[in-house]
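We call the chains A, B, C and D, going by the order they appear; numbering starts again at 1 in every chain.
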């Protein structure tokens, strides 16, 4: 039984079809990577799946429920979280508060006006756990804006984890990171495997082929191949898309 | 009744064109530069005051009007270099405040230079009369001049924007500032030009209406907010939108004022209708704006954010 | 962080203590008029506080907050005219009316962003302004002179300028503490987060609109409270209370004190009004100086006048 | 006499050091002048200030007592005015406050001034409530009750036998009062009645209706810039064949901007620059020499206010409030208007005229008296006044 089931998803900007009748199945618990050449529509796909961008048509079923037409916050509350390709954090907040606000989002109502949120130990404890998962626990009290780029990428991941997703959509989590930073993040993702279902978009092919259970190849808004890393590596259609031969 | 309706329609169009003249410069600055300029109204006022002084100096309204153009262009360049240039990258709040400060300064300067009493400039005799329309109805010649000038401005702007290189850059700048910069266009220069041009349009509008309207220190304020309504309705940054918005506001205001009470009287008793009409009439354009924004937050011709 | 909190507490205590001692100083100096000016300052401080809540913490630049001053003031005038003179009733009516107007206009305004938001809040305030101008039952443009100030428990205690002053001060302190609590609460964190990065907040599951609208409504209701105090201070109510210049002045106050700084809003209101009063005495052409000052503050200081001084020192 | 502007800094330090400054001692007279000196209505306020200043220079020490005059600007904001009024009375110890120009300001300052034990003398504003039910023994007007100017025009329209008059006023309280005032003394038919938006720029919609209806006459109340717009557009629309009756719409404050567009337009007034009294001739000549403009009623009424105060202080022999009020009631001065006395509500009983805009020989525009409409006329609200 698929956790995420996408049928006939479409989106176009004017005459340009960015997502063209796309089908995708993501099984519960797997790490499903989506690769494809530049301009294949990977980030648009994540935006559509997460509800940030409106789709022209098709169906997105998550855990058996139709998500089409629901805005991003509703999908997050249903258990679909995402990270952003371009780092999106709250720079003026502390690292801890960046994560704690995500914990807060699923922990009861936020229409509480009088009690000091800084004293809510439960929120902070869970936030610390998420930070520990990405190795940022020592940075908790710093301003998020003052972190290094790699640390910001890790924070981005911690925020997404703190929403306790069943499905995590990761949009190039390694973008712009140095070798050491990337290694750390790959370790984090490896540790997540099996506990959270992951959809990963990534340009770093070493990372993708090391991590993924299955890989889908996206070309011009369509999935042209899906399979295990070995199957995809051998697929002539993939070679054609990437290398231009065949 | 029908001829009166047609005349009121013409009046509505005329008011709309008047508003368009003021709003056109504003929408360029607001839209393309993403800059809140509360000082647009005072530049319009300065245009009117200048035409009074320059007409007296040259002895002719025509020359005065012509001289206002370079004068306000210069004022625009000066203000841009001294103040506005430093505020482009600032939040809207800073822009609101700085231009609010400028409104205070310019209004006070105008009062010091020209005094607080309303001033006068007269159009040439050939343009000050009226021509017969239908029956007893007549139409002032100068109004026709205003309509003509407004339409010419609209067409001129349209040509500049669609047919020239700078217009192409303007359009590109409105949709994507980073892209224009990447293409090697000097954004700073482009903004200077837009701003000065916007100031000139405002000054021209002020000079053009000076023979019909009272030239006094409050004149900029009364049109500024109406101009805001116009460009918000039309979609910020769109000249086409400013034109449509201006006509819409002009028509709704004029027709609402003249025929609203009649409509109200048909559904309620006269005294209640009079009272309701009195309360509703000044709110009409704002209600129109609220209705349009509720349906289309980006205005009629605005780009979806 | 902790130190900053403690500093703020000390500063707040000192500021309110100074306000509390003012009538005594005024009496000693034989200048009871100071109390009258200060009451006006307190009323505007409440309004600036309310505006800072959405402007500083919520990132919503409302350019029409004078409308709520007017709504609060007219709550006093209309209820007094109907024979209800109790301050509690006036405050309650003002809060309800202010909240309702904020709910209706906010629901439309918050669909827009940036310049649109500034303009549409301005336009709604103009709408309210024209409504009261043409409302002849309450004097229209001429406004209404209040027969007497609001009563408390049926007594006319507020007739005494000092009692009115301390009532306004109590309200200000109470609302300040409320704002401190709100900004430090769960709700406040969502609000500030939305100002910082709305997409991020959506991506963790919040719908920013609801929180922004709630903050807008709270702010509107609070500003209406300021209007009640202003009406009592002037014993007079007119549509001029909601002129768009007033809205601009409120924004100026918040910015002078440094946005997103609740004490700063109070200090900004004090500073702006004293400056206006002082400059007006200095020269007929005070707007010239005030305007220049405003431009300088905007161009050279991020944190208002307080920041200007801090910046100088290093 | 010293003419000063309050200095906040000086006052603040003075009050801190010297203690109570608000002592009302009998050997000094303090007059606060509270007028609109900035904003759209400033032109009227400046005229009144000039008029008062002119008189003050002629008088020197009012009633022979050292006099301090403090001029402040109400910014045309009622709440600002209320504060400035309290400041004048409670801090500066003003015995008399002269002001304001606008009726909505009058409502805001009458309490602070009169309850602060000073006397308020209005050089222009004369709202109906202060003439009637809310009349106040410490309030005087040297001007008129607002309705009277409109009643003059109503009576004129009636006398002319007009059957069909079109009425036009801005949509605010004074506008509604004005049309009511006109209809008090006009019994003919009303062709149409329009309330325009406050501060409206363009009157073409209204003018089109007037052109379509071809009424016997138009009556308009359009003060300030609105009047300038209306009058010019009226002329440009070719409607000058229809008599234009008005109040506060064509006077010397707006005529420089209306110029020949207003020629031949009628107004109702209690005075015009060419009113034939020796005092008036002297006043107009001195005013024009000093300020290079033709005075309007606002200047004249403020000028009269100063002379009224001078006379009253002389008669009262000091600044005792009750004695001053009693003296003021006698109006012990010679008005430039000639006959002048106060009614029981402290509003003037005076003559009213029909005026018409003319171009004088020196090229300047002014109103000119056509005929006397009312003699020794008292406002209709005086009956409602129960002064205690």
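Here, a residue touches a chain if its C-beta (ideal position, glycine included) is under 8 Å from a C-beta of that chain, and two chains touch if they have at least 3 such contacts.
Keep in mind that this is a model prediction, so the values were computed, not measured.
Counted as hops between touching chains, the shortest connection from chain A to chain D is 2.
The chains that touch chain A as well as chain C do not exist here; no chain meets both. Using CA-based centroids throughout, the chain positioned farthest away from chain A is D.
The geometric centre of chain B is 32 Å away from that of chain C, both derived from CA atoms.
Centroids built from CA atoms put chain B at 48 Å from chain A.
Between chain B and chain D, the centres computed from C-alpha atoms are 35 Å apart. Taken residue by residue, chain C touches two or more other chains at 130, 133-134, 136, 287, whereas all remaining positions touch fewer.
Across the assembly, chain B contributes residues 108, 278, 281-282 that each touch 2 or more other chains. Counting partner chains per residue, chain A has no residue touching two or more of them. The full set of touching chain pairs reads A-C, B-C, B-D, C-D.
Within the complex formed with chain B, the residues of chain C that make contact are 55, 61, 63, 105, 108, 111-116, 118-120, 122-124, 126-127, 130-131, 133-136, 244, 248, 251-252, 255, 259, 285, 287-288, 290-295, 297-299. The touching residues of chain B, when paired with chain D in their complex, are 3-4, 7-8, 11-12, 14-15, 18, 108, 111, 115-120, 122, 128-130, 135-143, 209, 211-219, 222-223, 254, 257-258, 278, 281-282. By the touch rule above, chain D contacts chain C in their complex via residues 5-9, 11-12, 15-16, 19-22, 37-38, 72-73, 76-79, 82-83, 86-87, 90-91, 103-104, 107-108, 110-112, 127, 134, 171-174, 176, 195, 197-198.
Taken in their complex, chain A has these residues touching chain C: 50, 52, 71-73, 76-77, 81-82, 84, 88-94, 97, 100-102, 104-106, 109-118, 120, 141, 159-160, 162-163.
Residues 30, 34, 36, 38, 83, 86-87, 90, 92-94, 96-98, 100-105, 107-109, 112, 225, 228-229, 231-232, 236, 275, 278-279, 281-283, 286-287, 289-290, 293-294, 297-299, 305 of chain B are the ones touching chain C in the complex.
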